[in-house]
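For clarity, chains are labelled A, B, C and D in written order, and residue numbers in each chain start from 1.
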Amino acid sequence: MLSQSERIKIAKRVAEELKEGQIVNLGVGIPTLIPDYLEGKKLFLQSENGLLGMGPTPDKENVNMDLISASKKPITMDTGASLFDSSDSFVMIRGGHVDVAILGALQVDRYGEIANWAVPGKTILGVGGAMDLVAGAKQIIIASTLCAKDGKSKLVEKLHFPSSGKRRADLLITEHAVFKFTNEGTELIEILSDISIEQLRDMIDVEFKYNDIKIIT
Amino acid sequence: MLSQSERIKIAKRVAEELKEGQIVNLGVGIPTLIPDYLEGKKLFLQSENGLLGMGPTPDKENVNMDLISASKKPITMDTGASLFDSSDSFVMIRGGHVDVAILGALQVDRYGEIANWAVPGKTILGVGGAMDLVAGAKQIIIASTLCAKDGKSKLVEKLHFPSSGKRRADLLITEHAVFKFTNEGTELIEILSDISIEQLRDMIDVEFKYNDIKIIT
Amino acid sequence: MEKLINTSKALDLINNGDTLLVGGFGLSGTPLTMLDEIANSEKHDLTVVSNNLGETGKGLGKLLLSGNLKKAVGSYFTTNRDAVQAWSDGELQIELIPQGTLAEAVRCGGAGIGGFYTKTAVGTKLAEGKEEKVIDGKTYILEKAIKGDISLIKALKADTIGNLVYDHTARNFNAVMASAGKVVIAEVDEIVEAGELHPLEIVTPHAYVDYIVLNKYVKKGGAYVESV
Amino acid sequence: MEKLINTSKALDLINNGDTLLVGGFGLSGTPLTMLDEIANSEKHDLTVVSNNLGETGKGLGKLLLSGNLKKAVGSYFTTNRDAVQAWSDGELQIELIPQGTLAEAVRCGGAGIGGFYTKTAVGTKLAEGKEEKVIDGKTYILEKAIKGDISLIKALKADTIGNLVYDHTARNFNAVMASAGKVVIAEVDEIVEAGELHPLEIVTPHAYVDYIVLNKYVKKGGAYVESV
């Protein structure tokens, strides 16, 4: 398990990628930490159950379980928020009107193809909006640990887990490093821990290039 | 040309077909007279530019050309009216949520197939919502003169004019008679003028059956 | 008011083997009272189309426990362990559809549209057996429209003619589910006079609503916790 | 406010040969100010997707007279004699589409959907050359999604972040046109502070709006008659 400080490190690094005024859909887990680390940048959070302009968690007295996030947690509405139904919400998502989707992943292949909804042999019968977000968001950032709980690299040459769609992620931000995906494959662009490039090579199952690596520790 | 009293006769007869609480889309021409002859029956008028619950024409001082009918005339809103966009309006129309469409026609074939949007050799470049209404309304009533201005029967064995869709009309209500369409063809069900059945046979180009004819003069 | 009926009469509209389109996301916007009515009935072999199957023993989860269901079509069953278990045991058929595809397929069902080509799920297991088509250089898969025999939806208020408004994100799937059922039953907290809802405020026009029933649950601490 | 620009800057966003998605039904909900700007410019070979071409010399009718147009896609050109004449003279290409198909095709263009099977127009001249498919025993035709380079829409009010509300039936095609253009320019009568429009009142969320321009026309006797 990742420590809370490592989770926060990932969230902070994702937050750096986001630009003032962007429309962002946050997946479950680490992405939900991001709003705390925006340092004044104003984002518009989209929630696939029908809201643009998700605000912070309400006080207990103000909870309305008919004003919830896609994770089914009580939320509030930001200034300028709007409400719509599920079909219109996915017009927004699938139609390319969400600037950035920040997703978790089970695996990511060397070109950025994502597996984030099912594990072979396990009965995970849920896909939710994951495939729509993968197909539709303008930019896709994966926020995830580099390795799964069993220690295996999530970055893989070829997906063993079922794909979430042909559309590839743009960035993978982990506790150790940031990778960029292009038509040539995986590129290491940043190191975020005291790990060495050699150690990274040992840890993950994908060949990666690097040019100018920023090292941030 | 039909006299105003004949137009009103048609409108009144159509009004008899309509039931309390029905959702009705009225085409241009004779159908627009219908609201005056409902004798207390409450209908909900649908306008394809985005309104359910069209009310009467406003006073001159209350005209808002952004509250108009599909014929682009100023209207008002009835109690319980709702507004929506064009795509949602045609979900309502095409999806079978309008009970009755009352349409004009250039020709109707013996099974009730309608031609109401184009004349061969003439440049009528407009279809509007006609084909959507033909495809989608639960019941289709044609309100029309029996013959065209050139004296030719509008009821024809086969359409010479371009069809508005495979979906057939249920009724044709004219100044002289009411016809019903079934899989067997045209059935005369009512005579509305002093015309004889022989004269009707001479006038129109379609074989019709009849059983119990109501004669209303 | 003609559209207002009691829940037992509403239950009579449902036949064994029917396909029910049920609104809601999690438990928000769920017609809890009608679901209780079904769970307490002998209705069986029902197919439910809904984003999820409620939670264990709550909402649609009750129907699973009381044996009313044959099949569930939705996007997310993971949060109800009973559903996953029933599927593993071969007691429940499950058809998994991406959330946006589900919403659009139901909208099409209510819109006179037979199917649509979506970019979602292209190249995935959920696209297996589905027709692929390249349109203007991009690959899409064909998804067929979904219709139902009965729609069970939940709104905040109805007016006396059946116009509906929803509570914030409880709108979710309710608006599309309302369009695609042969018979549409809306469960509401309150009925107001026609004219009290502003034309710009109405989300579901009365054209889509056949019957209205009153919600027997009361909201406490922001959630519908108990039936009265 | 970042999204507010003047009309000449908005005009610069339009290139010769572009496809413009233009809101409006008749003259209601038409971005008259932006259309004046185009009619007074040298822009040419534009394709316009709009329900109709305004009226003679009004709205989109002006662009026809000033020679900006190559093609018009819409459902009803009969009320503008100039359009019919220009088509007869071979000066304007016209693609006629049923009104509901037009609205749906544009919605699909903005929704990541490549095309849809509709029951409208099956067996008619407007279905010629279009793929037919039988789905669950019913025949449909395939209609492809429509997208544009620029959307020109007209709303009543915008808030400072770009949320829009419309005046009654002036909503018409504007909401769908807003979804399917690469660049969306909304012409509005008034701009209010973010937060002044209620979340339940907003029809077009700001996600769809790139730029806002102010309408120079003033309403008199219920219609936008003169530019100030």
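What we mean here is this: a contact is a pair of C-beta atoms (placed from the backbone, for glycine too) under 8 Å apart; a residue touches a chain by one contact, two chains touch by 3 or more.
Computed from a predicted structure; not experimentally measured.
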item	value
Number of steps on the shortest touching-chain route linking chain B and chain C	1
Repeat of the A-C interface, chosen from B-C, B-D or A-D (over half of contact pairs identical by residue number)	B-D
A-D against B-D, pair bridged by the larger set of C-beta contacts	B-D
Most remote chain, CA-based centroid, reference being chain A	B
Whole-Å gap separating chain A and chain D, where each centre is the average of the chain's CA atoms	35
Rounded Å distance, chain B centre to chain D centre (Cα mean)	29
Interchain centroid distance [CA atoms averaged], chain C/chain D, Å	33
Where chain A and chain B are represented by their mean Cα positions, the distance between them in whole Å	55
Multi-partner residues of chain B (each touching 2 or more other chains)	77, 83-84, 90, 93-94, 135-136
Contacts with two or more other chains, residues of chain D listed in rising order	104, 107, 111-113, 118-120, 168, 199-200
Contact graph of the chains (line, ring, star, complete, other)	other
Every chain pair in contact, whichever chains are involved	A-C, A-D, B-C, B-D, C-D
In the complex with chain B, residue positions of chain C that touch it	2, 107, 110-113, 159-161, 163, 179-180, 194-195, 197, 199-200, 202, 205-208
Residue ranges of chain A touching chain C (in the complex, touch as defined)	47-51, 60, 62-68, 70, 72, 74, 77, 83-87, 89-90, 93-94, 118, 123-132, 135-136, 162-167
Contact footprint of chain C on chain D as seen in their complex	104, 108, 111-120, 133, 135-136, 138, 140, 144-145, 165, 168, 199-201
Contact footprint of chain C on chain B as seen in their complex	21, 23, 44, 46, 52-53, 77, 79-84, 90-98, 135-136
Chain C - residues contacting chain A, complex	25-29, 51-52, 75-79, 83-84, 87-88, 94, 96-104, 106-107, 118-126, 139, 156, 166-176, 203, 221-224
